[in-house]
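Shown below is the structure under consideration.
Every chain is named by a letter (A, B and C) in the order it is written, and numbering of its residues begins at 1.
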Amino acid sequence: MNRLRPVWTLLLGLLITLLLFTVASAQTESDGAFRVDRLNALIFMALFSIVILIYTRWAKSGKKLFIRKINGLDEVEEAVGRATEMGKPVLFIPGLQEIDEIETIAAISILGRVAKITARYDTPLMVPVRYPMVMAAGQEVVEQAYIEEGKPDAYNKDIVRYVAGEQFAFTATVNGIMMRDRPATNIFMGAFFAESLLLAETGNAAGSIQIAGTAQPSQLPFFIAACDYTLMGEELYAASAYLSHEPLLLGGLKGQDWMKIILVLSILIGTILLSFGVGDWFYDLYKSV
Amino acid sequence: MIVLAYILLILAGAFLLYMTFRTNDRRYIYLAVAFYVIFPVVLTMQLPIDISPESQQLYDAIAALPDSSAVMLTFDYYASTLAETEPMSRAVLHHMFKKNCRVVTMTTIPLGGPSISERVTRDLAEEYGKEYGVDYVNLGYKANYVAVLKGMGSSIKAIYPADNSGTPLDEIPLMAEIKNYDDLDFICVIADNGVVEYWMSIVNAQYGIKIGSGVTAVMAPKIYAYVGSGQMTGLLGGMKGAADYEKLVGKPDAAIKGMAAQSLVHLFIIFAVIVGNVIYIVERRRGKGRV
Amino acid sequence: MRTTVPVIIAFLSGFVMILAFFFNPEKSFIGRLEPEVLAWVTIVGGFTLLLGVVSIVRVNFTAVKRRKENWPYKLATLISIFAMAIPAILPSSWSPLLGTGTGSIYDWLFNYLDAPMMSTMFAMLAFYIASAAFRAFRARNAEATLLLVTATLVMLWRVPMGEAFLKSIHGDLPQYINTYIMGGANLAVQRGIIIGAAMGAAAMSLRIMLGIERTYMGK
């Protein structure tokens, strides 16, 4: 990881330069080159980055970090094992968003871990996707997983395949796969929309074990109703750290927790101050001008 | 006669629920839902509608605009959610045309968005005798909605050099008066996807223009957050929101008609859940008794 | 080398986007970089579309050729793809039936096949919600009972018949549901999840930019 040190230094350096630039330019209006109205966001972002980097460094130095149990992720291996025993495939859907969506990237990370397990046990894996770019990234990850498990010959390019670009055409295709191929395990990770219940309910009718994870709050109730385990919100982003137990990734989670504490405190302070009618200045700190 | 039909419908629902428990086959529930959706469409029933405060807020915001204000109405939805969203667009557009607003429409949906907006606006414009290019304009679709939403802040013409049918914006009189968001008094976003949040974070937060919206029922709980915080001016949630607005503008249409079906399906689900729970509790007690 | 170059590209692209957020596009070069990067994303996406078409044709064509199980479905997929795409790609100057304008084959297929099929799929949600609610809402424990009661109240409140029933119990009950359940509990939970998820997404983005998180590259 030493090779990454210059990158960190560069990031911090650039952030500090930006801060200095802001102070030096001392603009009072928001129509200059620099958006003074977004200074609050810049300070928060710098603080956030620094806290995460500090914890990542601590983790690197060997400090043990605790991560709470996430049932849905613990069950992934179990669920793939069940598919192996039944001789049926595992179906993995990395959401219905493009690769530029961070939820999709989190899903692709989890796909890598799932592919390693399916490669290890020679369990068939099916990954239908909605976007060609997600397909390219998914193929890369799955191929790497099969190579790392020493089974490059078992890898087939069509494990990850593009099925349809339209939301409900994709849903119809996947529902068809569920009813015809009867996968033993369905894993839905990433950004889902109105199709969440259509997919999960069909999987439930087909008798599959289902694990879902999404950061879309409006779809969580549907997954909770129809799946066996559901990862909520940030649990999805924590998945790669949780599954890999890589200390560097766990460090990031710890930093994130601290930022959440800062946010909760801000909300509490703001609520109290505003309730007593003396919090306008505090409210303005968080507002875009 | 209608009352008798509804009694029969209730009995049919109870029978199908009984069959679900007996056979453990969920298709009986599907059949019951199908009955409850189709039946009120055949035997129309008008139900009294109480206006939600969020719908009233949107209505009041548009009602408070001076006559011939410039407004934007978006058609950010796919054909799949037409049943919920199109009645909203129609009701809001009725209100805008009644108020003699000058309306600019657009969409961020490539598949069907432009043709839906074209159909709805032309249909209503005819009813109110509005002239294309003077009273309303259809901008159509442009790819990459983040860039589109941001770009229209500086110049609508830079993003849309021509309208939906290819007429250059320079040749459209209305667009000579509307250069960017500064020239608009209100935006109403009708959407079935997350683009409504981009309208809030880019257009409302950065350009300070008032935005109201209409979204599908599934999305409504999330979008409530914007109304609660005072960022969004009014919200139509699902078909009920559309029905509210149809009532407010005095144009009862598809949404008000759909309320009977929605009421019956909701009541059936509640009934099924209650019966399911009673059986569950009885079985659990029996199980405990055996132990 | 195989991962270092992508990590550097990811870092630079991410950093440009962050910087651009803090600069005015009209006044500075950095501010104008954001639409440039977004345009690149669209261009790369356009090229990968071809990969998608190749994938879907290869998978389905192989299945049809080998007469695999359910091959007629695959044949239907192949026919549909070409029936929709070819007339849309060909220029409308050849015939009004070509291209994507009003009255074209594409327009006809969209309005009379695609749109009703999409609506049908969405409408199926009503059936699935009924069966999922029926299964999921069981008073197993205190939390599940609370969920059950809340869901029942909201379902009643959202429809005229239910609203009338609630009003018969207490005139202000619908208003209370709107204020306390939707505007209170619902908002608090939604915001909690949104804030948590946004922090998770930001932390993950940072990990990706710094090359700490490389699992998405199969590492």
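FYI, contacts are C-beta pairs under 8 Å (C-beta built on N, C-alpha and C of every residue); 3 or more make two chains touch, one makes a residue touch a chain.
Predicted model, so just to flag it, every value in this text is computed and none were measured.
Asks: Line, ring, star, complete or other: which describes how these chains touch one another?
Replies: Complete.
Asks: Is the C-beta contact count larger for B-C or for A-B?
Replies: Most C-beta pairs in contact, of the two: B-C.
Asks: Point out which chain occupies the most central position, where each centre is the mean of Cα atoms.
Replies: Given all protein C-alpha atoms shown, the central chain works out to be C.
Asks: Could you give the separation in Å between the centres of chain B and chain C, each centre being the mean of its C-alpha atoms?
Replies: 18
Asks: If you average the CA atoms of chain A and of chain B, how many Å lie between those two points?
Replies: Inter-chain centre distance comes to 30 Å.
Asks: Which residues of chain C are in contact with two or more other chains?
Replies: Residues 114, 118, 121-122, 129, 131, 133, 135, 190, 194 of chain C touch two or more partner chains.
Asks: Two or more other chains touching the same residue: where does that happen in chain B?
Replies: Expected reply: 26, 78, 80-81, 111, 221-222.
Asks: Of all the residues in chain A, which ones touch at least 2 other chains?
Replies: Answer for chain A, listing residues that touch two or more other chains: 166-168, 194, 217.
Asks: Where on chain A is chain B touching in the complex?
Replies: 166-168, 193-194, 205, 217-219, 288
Asks: Over in the complex, which chain B residues touch chain A? Could you list them?
Replies: Chain B residues touching chain A: 26, 78, 80-81, 111, 192-193, 205-206, 216, 218-219, 221-222.
Asks: Can you list the residues on chain C that touch chain B in the complex?
Replies: Chain C residues touching chain B: 25-26, 35, 38-39, 42, 102, 107, 110-111, 114-115, 118-119, 121-123, 126-127, 129-131, 133-135, 137-139, 148, 151-152, 155-156, 158-164, 167, 174, 178, 182-183, 186-187, 190-191, 194.
Asks: What residues on chain A touch chain C, complex-wise?
Replies: Listed in rising order, the residues are 3-4, 7-8, 11, 14, 18, 31-35, 38, 41-42, 45, 48-49, 52-53, 56, 98, 100, 102-103, 105-106, 108-109, 112-113, 131-133, 135-137, 140-145, 148, 158, 161-169, 171-172, 176, 180, 194-195, 197-198, 200-202, 204, 215, 217, 220, 222, 224-226, 232-238, 240, 244, 248-249, 252-253, 255-256, 259-260, 263.
Asks: Note which residues of chain B are touching chain C in the complex, please.
Replies: Result: residues 20, 26, 29-30, 32-34, 37, 47-50, 52-53, 78-83, 111-112, 115, 143-144, 146-147, 150-151, 154, 217, 221-222, 224-225, 228, 238, 240, 259, 262-270, 272-274, 276-277, 280-281 of chain B touch chain C.
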